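Next, two complexes with subunit A in common: one pairs it with subunit B, the other with subunit C.
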Partner chain A sequence: MFSGTPLLDKIQYELGAQEPWPKDVKLYQPYEVEQILLPDNANCLAVQAFLRMCNLTFEVVSKSNAEFMSPSGKVPFIRCGAFVISELEPIVQFVNTKGISLTSELESDQKSDMRAYMSLVHNVLENSELYLCWCDKETYNEVTKPRNGSVYPWPLNHLQTWTKKSHVIKRLKMMGWFSKTIDQVYHEVENCCQALADRLEGKEFFFGKNPTELDALIFGHLFTILTTPLPNSHIANIVRNFPSLINLVQRVEKDYFKRDTMR
Partner chain B sequence: MYLGNDPEYPTSYTRPPITIRVWPGDYGAPSVDPTSLIVLTVCKMHKVPVKIVPAFFPFLVDIPSIEERNLLIVDKEKILDYVFQLCHEESLLNARQRRKLRAYKQYFMQHFGGPFYFDCWIHETNFTHAIETWFTRVIPFPFNLLYLHQKRKLAQNEFNLVKRTSEADTFMSSKYEGAAVCLGDFDYLLKDDRKFLYKNIPTSLDAIVYSYLVIAMNMPLQNPKLQQFIYRHKWLVNYVHRITKEYFPNTSYQFQYVDPVYAPYDRVSTKCLIIFGMCVTILMALYAHTNGIFKLKKD
Partner chain C sequence: MSELLPFSLRIWEADFGLPTVDPNSLTALTILKMSNANVRITYGSCPQYAAIPSLTRNNKLLAEGSDFLESVLSVCNLDSQLDGRLQGLSMAYKRYFLETFEPLFFYDCWIHKPNYEQLIRPWYMSAITFPFNFLYMKSKRRQAVERYHCLKKMRTRENFLTQSYEAVSCCLEDFNTLLADRRSYILGELPSGLDAIVYSYIKIALSLPVPDVRLQNTIKNYKYLCQYVRNLTRRYYPEVEVEYKHVQPETAVNERASTLTLLIAAISASTLMMAYAHINGIIHLKFPKINLSR
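And now, the complex of A and B:
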């Protein structure tokens, strides 16, 4: 099925990426007010936070079919010159090829730690958000179903939601999350937050005074969990039990998002 | 084999013996299945009295599986949860250290475990040479075909699920890059050539990392990309050799059920073999009939 590295793509990517960051970079995501779901919103916010931390200019473009425009089928994605890149890690790598990095001053063991905690967040917070949106009946009926179908006409809204639900359930089954109870999911979130709070140890950011992509990723997830109105606010209450994480979220919001509105 | 017979093992250990059914070892790996090997490694590292049953038939009871009194565990996640509770030296770590350990386990599984699984079960030549041949020879016919069909289909579904709309090559290329970085990070953890990965005590992280790496290093893969990444990291390679030597000293480096990768490889397809078998049977029957060895009755 696959044969090896697509060398040509790689060379084009490396050569093209060495050009400076263009001014017309666009970040595509679903409609924030009426369509986007909790896990997608978390990922979009994480990428936005990362680009803002790198001080890179971009314009947010909302599209109802952003998911289908993305090369990997996941949102958000950016269009930067001739390149279309989706998801946080590939975007971080792409930005690195332009000589911009938030982790250049970290030690090797700090970089390992950062990647390990990013895996933890992807595995625990992302799967918990998917579980909550698609497997918790109340959240599914009151939030996920109407929001996901809002941009499609009848009967496509039902069909599209059903297809996506089936895909998410298959993914959760594969990851061993579908068989968990909601209490087990909350327990996982609590453990994950505790692990992150342990690592943060009251510092400004995870690795000192400057933010990294881990801070951006955690900001995306926690800010979304804290601010998204859901029928069951238990997950937000769990996060609220960790003041150091709340401080981090507030700091990132103040430093990288509010200054735009103040200008 | 009872590990409980080990003279080093404290006789005061009161836990009832556990029977574990695992896939046997081959080509220098104590077991060819990562989950089976994780179970074996934890039991060896923590001197848990277990009865190991190398098993070849996964249809009556799953492989791997754990049996303790009347309790039978077959689900992989539950098996791992069960054996990780046996890591009593891990209790020396505080809650904070255990949570960090968990982050590293997730990291390894996501960036190496996943790509390795796809590399074995999805990559066509790797699958045909290493996986299909091994299971075809180990599991009796026709159950081997059924088992391989089920497992391959599951792997393909999972692969399609995670790659979504990406091209298979592009997706795997990014996975290989992630695996290379991950291996570099674990190599760095062993930078002073320490015995174990974390705090120098045997933990569940060691069991996971060792199990995947020893299989990946020795499996005869036609596409050796991941193997090449591993062999670039000397501390990691030393670590794997050291663990094998200490906990699995009797491991055979012979290729029992599969040929090494440099051997001439020209396996006839199963369909051809079945057709050939049927033709031979018909010819033999005709020969026997023409020579009067048996006669068909005419009413």
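And now, the complex of A and C:
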């Protein structure tokens, strides 16, 4: 568990690096079938994809209060020995300290590009998903509200959903997304997908023949957008207009998840 | 016909050798300069009367508020001269820079007490017309504190700062690496919206006479990035001179103690050290004996 003090955290990281990857690593996330929401599902899937790409063993544990157990308040998080780490980038850093990296063969400019595209995906796709779930009335009433409150008894289900909505709206306002219209949000998603497709240029993965954490992140978001049933499927239709991205999603799913749920 | 009319850009005042002190204002101005657009600049001193910054043409409002920069970028369409791949790269790097550098710069100016109280607040209080300055600063500060708590999330202030400085160092290193081949602009030989954004934030962060210079020192570690900022200043703002209108640098930086104070402090310290050494037998001071018997 982290101390909250940067220096102590660093020392603990370094000490942890000397130990091999334990076999009992657990990945905590909300219940997939009845509870998890689009942005959380995307992030959970991205971390799972990354760990599978690194060939690391882990067990998925579903908890209704996973986000309250997380040190950053965001899902997913992993428990690896004495360490509890949440969100993709810190998990990537932690895995790197064990001497396992998907980017060790990249040039420095490729690493810069990767960080920039990861920012783009975080900023555009994650905020679009949050906007869709919490600001689009139809999606909020039909999907977000019942799913988010499903694990709480009345009246806690309403209170918890209301509190979370106000947090998300605060965040979207801060990021300048709350004032956008739904069409502007779709336009942002389209531009983002176009930028990603232009970069992919028909390659197997973004930086050659091997995947990186960028591929894992994009897989998490696009797979979730494509497979989550929503009242309005416009966002999924936008992604379907980019065959190279669909191919990437199918490739990652086939290589690392070995399921056949894609159409 | 309206295409030939000049843009009218209302921005915050020039100061500290900057064409304007606000990053959004400077970015918009730089985008217009890079696009060779015909622009008329007005300096605003009352944001309640008309938004600062804002862009108009033929009395028609083109950009203001939270999506000001996006609107300016789409009006000027500066990135259209890049090919598809570079347009995507420009978009990604813009998000990367704004997501990483901007929050720390915002903290440094609006939350970090010495910088806010000794530079930012006095500057805006002096630049905005009375009594609107009080109203503006009150609402701006409230928004800033709200935003800071949103950025900080569940972290402590120290953790937030450590992680932010680490992320900013990594981001600046990435831009420094891109510019290491001495190219004119970040994505090659053509200017883009990304150049306007990076230039504006770095130029302002380096030029503000803030009391705590930690962020400035971090930026100064990246020599190609600093050289790039100097080159763009020479190219687009050769006429801007360093002057201090609203806040003098003497009051912005920590006041130096006067020579008399230093002298008194030195004598007192030396006397105390000598007395301590004498009492403990480290040194033996011989005083002349005075014969009182007569």
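Basically, the second predicted complex is superposed on the first by the 253 of 263 C-alpha atoms of A that agree within 3 Å, B and C clash if a C-alpha of one lies under 4 Å from a C-alpha of the other, contacts with A are read in each partner's own complex, and residues count from 1 in each chain.
The rule is short, and it goes like this: a contact is a pair of C-beta atoms (placed from the backbone, for glycine too) under 8 Å apart; a residue touches a chain by one contact, two chains touch by 3 or more.
Source: prediction; values computed, not measured.
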{"item": "Three-chain arrangement built on subunit A, subunit B and subunit C clash or fit", "value": "clash"}
{"item": "Touching partner for A:K254 - first (subunit B), second (subunit C), both, neither", "value": "neither"}
{"item": "Which superposed partner A:N191 touches (first subunit B, second subunit C, both, neither)", "value": "both"}
{"item": "Subunit B versus subunit C as contact partner of A:K170, first or second or both or neither", "value": "both"}
{"item": "First, second, both or neither for A:D109, with subunit B first and subunit C second", "value": "both"}
{"item": "Shared subunit A contacts, counted only where both subunit B and subunit C touch the same residue", "value": "4-6, 71-73, 108-109, 111-113, 115-117, 119-120, 122-124, 170-171, 174, 176, 191, 194-195, 198-199"}
{"item": "Complex interface listing, subunit C residues touching subunit A", "value": "65-67, 84-85, 87-89, 91-93, 95-96, 99-100, 146-147, 150-151, 153-156, 158-159, 162-163, 170-171, 174-175, 177-178"}
{"item": "Residues of subunit A defined as touching subunit C within the complex", "value": "4-6, 71-73, 108-109, 111-113, 115-117, 119-120, 122-124, 170-171, 174, 176, 179-180, 191-192, 194-196, 198-199, 201"}
{"item": "Subunit A-facing residues of subunit B, complex", "value": "77, 95-96, 99-100, 102-104, 106-107, 110-111, 122-124, 157-159, 161-162, 164-174, 176, 178, 181-182, 185-186, 188-189, 223, 225"}
{"item": "Interface residues, subunit A side, partner subunit B - complex", "value": "1-6, 9-10, 70-74, 89-90, 108-109, 111-113, 115-117, 119-120, 122-124, 167, 170-171, 174, 176, 191, 194-195, 198-199"}
